[in-house]
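The following pair of complexes shares a single chain, chain A, combined with chain B in the former and chain C in the latter.
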Partner chain A sequence: MLNTATLSLDQAPPISIPFRYFLTAPLFGLAAALMLLINGPDLFLTRWSPLTLGLTHMITLGMLAMVMCGALLQMLPVIAGSPVPGVVAVGTFCHILITLGTGMLIFAFLSGSVVGEVVALGMMGGGVIVFFVAVTIALWRVKHVSATIVAIRLAVAALLITLLFGLLLGSGILGSLGFGDIASLVDVHLAWGLLGWIGLLLIGISYQVVPMFQVTPEYPPRLRRLLAPALFVGLLIWTLLMLGAISGVVNGWVAEVGMFILICGFVLYAVTTIRLQAQRKRRVPDITLLFWRTGMLFIPFCALIWIAGSVSPAIGNDPHYSLLLGVGLLLGVGVAVINGMLYKIVPFLSWFHLQNRQMSLMCMTVKVPNMKEFIPDKAARLQLYLFQASLLLTLAATLFPAWFAHLAGLFFLASNALLMKNLLLAMHRYRQTLHALSAYAESAQSSSDGVG
Partner chain B sequence: MTTITETMARNHRHCDELFAQAEELIAQGDWVQGREQFEAFRDTTENHFTMEEGVLFPGFEQRTGQTMGPTQMMRMEHAQMRQLMADMEAAVAHEDDERYLGLSETMMMVMQQHNMKEEQMLYPMTDQAFADDAEATLQEMKML
Partner chain C sequence: MEVRIDVSKLEPCEPLERTLEAIQQLHPGDYLRVLHRREPHLLYPLLEKSGFTWQCRGDESGGYEVFIWKTDDLAAALAVESVSE
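Take a look at the complex of A and B:
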């Protein structure tokens, strides 16, 4: 008999693969919130404190990279027509290594444990490299290379570069070589992570999902074709300028000018996205859109902060400045966008897998919930408000830590708790329906056994 | 020369617009126009499916010998969307906006990822497979 289930599922990984990544993200969010709640103002002294570094990586690796990796494993068959080879093994392995590696890295930052650091770097290195290799194979095999695929390829390359700089910085090799200017290299590491990996992936995915979710016009073809490659080359050049500045060959301001041009590219992307969304044909209220809008508004906001810091040394050298910029980018852009995406991806995947099961069983008695029955709009909207409040409070905490830090932690805790609850609710409904379908399959089986 | 990819992608955009208008009217509680617009969306989409299932897919299968490949998967997804449209029709009949909006959100996602696969993979493949017959095939589909 024709197995209809495998026909449309043969390329999609089992639902448990992306879901484990999606459910891990709010756990790190909760951990980060607890840290904010407990340590409060201590987190906002300087970006260099071990506590702050730990918190930063909880968000970048534990939340952002976690969801991005899970989503890539899921989406590549759909947007690229090219499944990730060995997706179950790769997905399981990378999830364990990235989760434990992130936990270990945070432990190492907080405790200063050298062993912890070595284990953390080994795990992160192993997890990211396996992920990189598997995804690169899938991306290599793509037949029709769209602008999205180009951007994803570059983003994944940027992930590897971020990792390499991270390993270099974490291993302590530089210190033992007597290398003094660690701070500039940290900037290179985070530029590749934030602008390269997160930024380019966001741009590539936007080309697909912005027109798709709200029925907007397409991004202008020239922007689609050129922006991501230009930003990647720009990042490379900027990195060389930074290395030149570190070794005293190039004046530091040349690298600043390079960064300014890169930032203009991202602002162009954000403004274009806001304009396209304003022209959307689909005008029903949409929670994901509201999350995205927050993210898109924070790109020019962060650009302005960066410009202020570059123009005025008084601002640029203030420890609050980089914290404000960091919170704006990580929470304002990164978390906002991935949190919003989860409200589309999770209900859709739940529906998709169940619907396929239902069709393969030809079962009309068990009803598959629609997307909004997995996660009701009301619950998602409340979480959006909690998130936005926590974002504003965390921004305020960078300037007035004593007043706002604990409160920011409290709201971020509530936001992530509700996100977790919403995701678990979707999963619960998924399981419930799956059980009902399995029960139907069994009863159909036993009745046909009885007859035959 | 117009390609199959361009023409069919344009047809997708047209369906999207009808879909979005219907959804907005229903969200505003305008069932009279909403119903009309939903029916326009359903009929246009059904016509699009017919063009594919009646002309494009069989022609592609004949030329490539692939009967269990991408076209079979697209037919499966058409079946999914037909089921969703039937449920949406029931929601329209009951004037149940909450249910309609939950279904339309689902429909939107299925439709968009389906369109993406067609526009990025299947249609370019059909343009290749049909080569010089592409325009004649488009004419044949327009007759439906």
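Take a look at the complex of A and C:
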């Protein structure tokens, strides 16, 4: 049960706070696409090349973390009845630091600048820690702790662990370790970022948004209660096993078995979501659902790739393997889901803020657009097709870079440009209606002054 | 008189839109009975702003029934009380 009986917009941040995060994401998407378009096959040599690391962080921080942080600041009052303290200051500060920090980190990867890296780590560290503290206070104050709140708490803890491993790797204090050990630590950083922060947050948010926006039955209660805590504990155990393997105490295959169990948990979540979507009560095609279905299908797809790489050393040691897995997880799951979510959250917030304003003014002469009018289905559908084409082309580019890399960049560029246009259109409609409501309020005020 | 709408198969924000439209059509003595699959928490502050009162209860199928009436409409309030007993 949600604890939102006392929800009001007084608790929620101004719409400009989440929107600045949502509009920054496609900008990083455009930058990533340009990089792909210009550098093409060079990005698909190995996951360790500075170019590839830069591109990876453009997507993980610039797109995925950006949308997720903005959505959390907005959603905590709605789904938990607990606003983030000082949300305007925190939201503004974290947005600036995470945006500049991501940009600087990419610059540092590309240029090899040590000063750039120190500045980037300082900014990212500062932004994420302020975000973590503010969100933790809000999560701490939640009175009725639902499965969603538990998953969000664990996801935010995972974000901090991801940051700590990132800072450790970026600080250079691990210089005495061999490449194999550093690679294992990078895998730990990656696992906490992708499976912990993104994965657990996705699971927790799904419990709310899939039944609500996609009109499906609820997730099974036992899965809701147990899955996220089990995955978090599993990640902790796997991390200890990895650290054990690095120090030679544990055999590497034990950690592999741990990761296999974790992956089964995510596949269970994906299969359950697909099953719920198949049972939806309303059979009207929905763009967000199609984005989400893409994401959910890519979870078992990535699991199969991982299993193939673990079972067969020939596959696991091939540089294409890591790239294929990375593209599958980052674009196939991460970007697909957040892109789809933007098509619900942006129109919904716009509609709700305007509806609230309209009710406050009791103004029935200005019509508030409905959700579909903020972003027309046709435009969103075209963007879905462009995104899916770019996803398939990027996957193909991991295997045949010379043939597909530039084309993948072109489609990803078109996809993000259209996403940006669609979001700006929604914002334009929001502002237009808000101005009409403000004009009504002013005229009502001046006529009442005249009477007075 | 009872005015009944079923919004249980609609996507957000249609349930809220339909409900807000329906309350504008209520005559004195009328109340609105909304059948919903989730408790519509977001609706409540909007109802409060428009001068309406509500009562929500779970139904046998796991859904919710929300009774809504004009706050100053005593006849509607009594009618809701008689059906919700």
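Assume the second predicted complex is superposed on the first by the 440 of 452 C-alpha atoms of A that agree within 3 Å, B and C clash if a C-alpha of one lies under 4 Å from a C-alpha of the other, contacts with A are read in each partner's own complex, and residues count from 1 in each chain.
Definition applied: contacts are C-beta pairs under 8 Å (C-beta built on N, C-alpha and C of every residue); 3 or more make two chains touch, one makes a residue touch a chain.
Computed from a predicted model, the values in this text were never measured in an experiment.
Novice: Have a look at chain B and chain C on chain A after the superposition and call it: clash or fit.
Specialist: clash
Novice: Name the contact category of A:362: first (chain B only), second (chain C only), both, or neither.
Specialist: second
Novice: Contacts for A:373 in the overlay, against chain B (first) and chain C (second): which applies, first, second, both or neither?
Specialist: In the superposition, A:373 touches chain B alone.
Novice: Regarding the shared-chain residue A:272, is it in contact with chain B (first), chain C (second), both, or neither?
Specialist: neither
Novice: Check whether A:146 is in contact with chain B, with chain C, with both or with neither, and answer first, second, both or neither.
Specialist: First partner only, chain B.
Novice: May I ask you to decide whether A:212 touches chain B, chain C, both, or neither, giving the answer as first, second, both or neither?
Specialist: The answer is both, since A:212 touches chain B and chain C.
Novice: Regarding the shared-chain residue A:351, is it in contact with chain B (first), chain C (second), both, or neither?
Specialist: Touch status of A:351: both partners.
Novice: Enumerate the residues of chain A that count as touching chain B in its complex and touching chain C in the other.
Specialist: 4, 7-8, 78, 212-213, 215, 281-282, 284, 344, 348, 351-352, 355, 359, 370-371
Novice: What residues of chain A sit close enough to touch chain C in their complex?
Specialist: On the chain A side, the touching residues are 1-2, 4-5, 7-9, 78, 211-215, 281-282, 284, 286, 344, 348, 351-352, 355-356, 359-360, 362, 364, 370-371.
Novice: Can you name the residues of chain A that touch chain B in the complex?
Specialist: 4, 7-8, 78-79, 81, 143-144, 146, 208, 212-213, 215, 281-285, 344, 347-348, 351-352, 355, 359, 370-373
Novice: Provide the residue numbers of chain B that touch chain A in the complex, in ascending order.
Specialist: Touch list, chain B to chain A: 16-17, 19-21, 23-24, 27, 72-73, 76-77, 79-80, 87, 98-99, 101-106, 108-110, 112-113, 116-117, 120-121, 124.
Novice: For chain C, which residues count as touching chain A in their complex?
Specialist: That would be residues 8-14, 16-17, 20, 24, 37-39, 41-42, 44-46, 49-50 of chain C.
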